[in-house]
Amino acid sequence: MTALAVALIATGCSSERDKEGDSGGAKDTFVFGGPGDPGSLDPALASDGETFRVTRQAFEALLKHEPGGSELAPALAEKWSGNDAGTVWTFNLRKDVTFHDGEKFNAAAVCANYDHWFNWKGTYQSSAVSYYWQTVMGGFAANEDPETPKANYKSCTAKDDSTAVIEVNEPSANLPGGFSLQALAIHSPKALKEYAKQDATAKGDAITYPKYSQVAGTVAGTGPYKVSEWNKGNKEVSLERFDDYWGEKAKIKNLVFRTIDTEDGRRQALQAGDIDGYDLVAPADVKTLESDGFQVPTRDVFNIFYVGMSQEKNAALKKPEVRQAIAHAIDRENLVKTQLPEGGVAATQFMPDTVAGYSDKVKTYPFDTAKAKQLLAGADESALKVEFCYPTEVTRPYMPAPQDMFELMKADLEKAGITVTPKPMKWAPDYLDATEAGGCELHMLGWTGDFNDGYNFIGTWFAEYDKQWGFKDKGVFDAMKAASIETDPAKRTELYKTANETIMAYLPGVPISSSPPAIAFADDVNPPKVSPLTQENFAETSFK
Amino acid sequence: MSLLSVDALSVTFAGHGTGRGAGRAGRATKAVDGVSFDVAEGQVVGLVGESGCGKSVTALALMGLLPRKGVSVGGRAEFDGADLLSMGEKKIRDLRGSQLAMIFQDPLSSLNPVVPIGVQVTEILTRHRGLKGEAARKEAASLLDRVGIPDPDRRLKEYPHQLSGGMRQRALIAMAVACAPRLLIADEPTTALDVTIQAQILELLKELVDQEGTALLMITHDLGVVAGLCDQVNVLYAGRAVETAGRRELFAHPTHPYAHGLLGSIPRLDAPRGEPLRPIRGSINDKIAWADGCAFAPRCDFYTLQCLTGTPELTEPRAPGHQVRCVNPVLPADRSADAAEVSS
Amino acid sequence: MNATPGLQKKADKIDRLAQLMERTETTSGAGLWREAFRRLRTSKTAIIGGVVIGVFVLVAIVGPWLAPYSPTAQDWRGEVFPNQGRFVGPRGENWFGLDHLGRDEFSRMLVGARQTLLVGVVSMLIGLVAGAVIGAVSGAAATLGGEPGKRLDTVIMRVTDIILALPSLLLAVSVAAVLGQSLTTVMIAVGVVQVPVFARLLRGSMLAQGSSDYVLAAKAVGIRKRRIVLTQIMPNSLSPVIVQATLSLATAIIEAAALSYLGLGNPDPAIPEWGVMLSQAQRFFDNAPMMSVYPAVGIIVTALGFTLLGEAMREALDPKLRG
Amino acid sequence: MLRLVARRLLQLIPTLLGLSVLLFLWLNRLPGGPASAILGERATEAEVARINRALGLDEPVWVQYGRFIKRIFQLDLGTSTQTGQPVWEEFTLRFPATVELSVAAIAIAIVVGVPLGYFAARRRGSWLDVTAVSGSLLGICIPVFFLALLLKGLFAVNLGIFPSFGRLSTGIDATKVTGFAVLDGLLTGEFDASWDAVMHLVLPAVALASIPLAVIVRMTRASVLEVLGEDYVRTAESKGLDKRVVRARHVLRNALLPVITAVGLLTGSLLSGAVLTESVFSFGGIGQFIRTSIDARDYPVLVGFILFIALVYVLINLLVDVAYSLIDPRVRVH
């Protein structure tokens, strides 16, 4: 027993030395802390940022966004073009690309992927599994549930080895942006054959993901890293440099994502030197970290935070005056000034000013408690009572401290004479379910764009009747429709501007702010270009 | 020359704020207050008195078993020429169990419930006689046999709760006599036992003492025990000896009103029919301090104001060697008159 | 007799003593409590605990009137910048500084005491009442119900044992899942955790009483069973329950804080409650440690107070220790 | 002995059945019932009916209960809604971490608590006693999560002595054998991995040990005080035995009996504490998983966990009973 203890202590000391040695010389492992575990290793099955953060290092789609920006850029496709109707998309593919499993990348591989997704059956058709496919391409070859949208995907043809043509039935505002999504990243055809042998199953609400997506080994993409291990017990995913990567090779050999679910925990882990960087930095910690010598690069703003209203849940909200009063009552400037990280701005409409289609001419509702009271009195709603839902145990890139923001807004509303009943809910699934179903009179939510198109913001809410908002307004819906079928980018931008003006005149909810989510790195790291879409490419990272 | 010579033994419990067993807050309690007596080799000496009179504390003081904290012990107690009271912890530990041994009142609580009898017997053999293993076990078995426990080999493996009350006391006695001590202190050894067992145990004690020539200090409230066993008797009241005499002398002529009362409260078959028992009034709690006079005065049938003029001294009003601490002893002449006066 | 005055006094004293001797000692419940109270007064632990609780209860009662400002109004919200880690510490105007939303921390602490006490007391009462009922049924069944009663007792106790085994937080969460998140839920959740404790305690103490001599005596003289339970066993079984109640107040306050930390606390975070305040403030521990320290110390000291008093009561009521 | 074990195991059956009824009722009492839990508030009536049919909720209650029990016996605890993996697998994956943590905490509590309680009792009123008593009071009164945060802030972040989160450092390439990180390292000879795992255990285990430690110190102290006043200790002293023999055989052996029972009872509170400490240290055990399951309303996990904990608790207490009866002969006859 004693001998054992001695052995432990002795090796403990030596491993301590090793660690020292590491930081002095060739440090070859970069550890990044994320707030949650990925759900699967196959991005096609996912719709959450934690999964994509990991898979993005190993998988590439046809397109991507320029590093540090939101413009589309070539990825596996060197060039792409659409026809005038927006229904036929042609991709000139990059040559000399190899998958992690040694397979060659070519047009046939691209089509194998699209056809694989299009022919999904059973549980794969659940919107919880194939959310992004359904958003971009609609339904499947054979829809099994009447609620599943109609298929928009028509075909994929390998014109030659390096030319793939993807056809859709109707033009869509989600294209070509959708081709950049991780969910539509290209997998090795050999891996796809493995995938096809395994089924996702569902029992009740619980979906059991296929084994291949839970254990490293099968999945194979083309990215600069390949997944080497997913240690669920230790909550870490390890990736290793892919030496046959077609582009610039990753600078650090090993990349590890570890889960630390609290903001404090991540910050402390960075401060303690246990990790080299983390995402979703609490605004309060930015200054502290910076003064401690850590790097906290700021992303560009690409999100929107809003207060949603459900007109069906509380009839008073059907009155425009009431909605306007609420908008006037909330002190957005104060929220921005005290809660949001540096670079945050008060919002005037449901998209940040970095998105094409942002309008300067929308109707604004400046902070004015007196005006709010007056409007309420005018609408005969001086004794207005509302239930206000807020999420607990969560921070989002657009919403760093939901509860504090809720408290500030609640105080504002109460100053305007509105009685507010707080209703906290767990973020997932309670809060998301409730807000989506229109179960909250007032609620707070937000959105980070997937790609730079106005539709990716306002289209997600106001294109048609939506339970979340519970209103039917022809003016708003028509404005959206007009923009979505326009294929000329310039014209579309103008139509989005009009749509924004229509929406803000109708005021279905109150846009509050846009803010840059902060990401932090240790002082000895050359961080990757930070992305407004939170699509950092860690292959760019190196140690100083 | 006496084996044990106790001279002016006193034990004081310091008053604790909230401590247990130490009486009222802040007041020191004198549990034993200048007790002196001798025990010769082979002699049986009785310490008699009701509970709380200080007899058990005296025994514990002699064994060095009183807690060191909050207790101060005064006087001398010479055992074989060495003072037990000022002896070092290690030295008295060596004496305990080998030269000095003690038997306690409640055999069940005095035996460790989770250790087999055998271990509890052999551990003392190991400690003082260096016996180990099989030798110790054999000796233990013969000890049990000696104290009259049948089937000793089986009993050695058993636990205290598996034995009857009398058997447990026998086991305790076996432990006490294991190393042939020169002085055995028995603190109410029969109180917790059935009457039939009591006699057997007393018989056993007597036998052992006679065989080995062991001196016995018998602590009891039971005058019957005293009558059957003791050579010399000390009656204690409130921490002081109030009467000291040979057994016969004391039973024949109880002179202190307390001793007199004690004897009077024993039912006697030869008493005239219809004559009531005469219990002593009250309890030992209702005493005054010795410094203010006679502590027994509040309960005394014969008290006069003289009783309160100061601590009465030990005198020999009746016979040499028969010491009494009383200013108004019960002597043949005035006894019945006074009693009649007070009780009317 | 030529008695001196001093002697006469002593004689009187003795007469009085003699009178006193005639009186038999009472062992009634009232005597037990009086005795316990006397012991409590002389116990240092009890005094410290009592003073702490006294101050706490006083603050809980009058705190809202003492508070210099509204605990919920964000009067200074322009001065606090959580997004930059800039907070306002103690100053003339605000003795404890401001919280992260520009509210007066001192006022929040004062008013929070009441909420904290409320949560503690109500949840303890829930646990006590429910636990006492279960324990009493079980105990009565075991002592007086014969074989079937014993079986019922075993079943009840096994189930409470299991509940006792469940992590209290999980239990609380289960309750919250059924009832939804509210202050009532917090109280019920924390209370439910205490139920098996009280049940077990009361039952155990009833069993002990049930086999005691005076109950045997009552049975022997043919007093009705229900009457024995109500008039003999119950009153005498209550003292450990009361001790536990005091100790439970401490646990309840800590437990409520843990629930807040897990995000299951009072749904309206504006209403000050120490547990909620602590879990809110710990995010800012690096920049404004005092914001966490005030409620943490409040919770710890109060819990200590209740624990000390409970311990002292336990000692005072322990018949083994009675002189 | 075997009979005792057998009897206790038999007693387990009604207990677990009772618990399963409670659980079953609880599940059915969830707002809106399972269908709503599954579908959320979006559910239309038709969907609810469909799900109810699919889950057999339109059948009589006892049929449903029967199925519930059957599934439990098949170890089919369902699938976690968070991870999409079978609950049973999630448990086996995470359980070793929590066991390791709990065992470490209990070990700390016993190794420190028993001697501390013992010496506090021996030297009643000394500074050691006062420190032990007030320290244990503080241990009970300080919220576990706050203590964990303080420990982490001081020893991990500021002093950097211990790692701030997780079970193993990144880059430690430990071979998985049993899932118990410390043990695995010893088995495979990867001592550095074991050492690393031990370092990761220290802070959470100390935080988790605070309550059991406090309880054990107080129990031991009170128990030793009581035993010191027992007649049999005086008897032992009167035999002139060595101090060591008196302490070990006569004082501690008796004084530890209630402490053993307490340790069994502490299991429950230990797991409560694990939920909090594992969260603070992102430890990746059952505790943290339960916390995220609470947040995500992952009922299959919660139900499975409750059953599981009940079983563990009962088994631990069985062990305690057995241990108790080995030490205390009086229990054997009854």
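Of note:
Each chain gets a letter, A, B, C and D, in the order it is written, and its residues are counted from 1.
Definition applied: a contact is a pair of C-beta atoms (placed from the backbone, for glycine too) under 8 Å apart; a residue touches a chain by one contact, two chains touch by 3 or more.
Note that this is a predicted model, so its numbers are computed, not measured.
The interface with the greater count of contacting C-beta pairs, when A-C is set against A-D, is A-D.
Taking the mean of each chain's C-alpha atoms as its centre, the chain lying closest to the overall protein C-alpha centroid is D.
Inter-chain centre distance (subunit A to subunit C, centres taken as mean C-alpha positions): 48 Å. Between subunit A and subunit B the centroid-to-centroid distance comes to 89 Å (mean Cα coordinates, whole Å).
With centres defined as mean CA coordinates, subunit D is found 38 Å away from subunit A. Within subunit D, contacts with two or more other chains are made by residues 149, 153, 279, 294-295, 297.
For subunit C, the set of residues touching two or more other chains reads 262-263, 282, 285. For subunit B, no residue reaches two or more other chains under the stated contact definition. For subunit C in complex with subunit D, the residues that touch the partner chain are 155, 158-159, 161-162, 164-170, 173-174, 177-178, 180, 250, 254, 257-258, 261-264, 275, 278-279, 282, 285, 292, 296, 299-300, 303-304, 307-308.
By the touch criterion given at the top, residues 11, 14-15, 18-19, 22, 26, 29-31, 137-138, 140-146, 149, 153, 265, 267-269, 271-272, 274-276, 279, 290-291, 294-295, 297, 299, 302, 305-306, 309-310, 313-314, 317 of subunit D touch subunit C in their complex. Per the touch definition, subunit C reaches subunit A in the complex via residues 72-74, 77-78, 80-86, 100-101, 181, 262-263, 267-270, 280, 282-287. Contact residues on subunit B toward subunit D in their complex (touch as defined above): 60, 63, 65, 92-98, 101-102, 104, 106, 109-116, 119, 123-124, 127-128, 159, 161-162, 172, 175.
Contact residues on subunit A toward subunit C in their complex (touch as defined above): 263-264, 282-288, 334, 337-342, 344, 392-393, 400-401, 403-404, 406-408, 410-411, 422-426.
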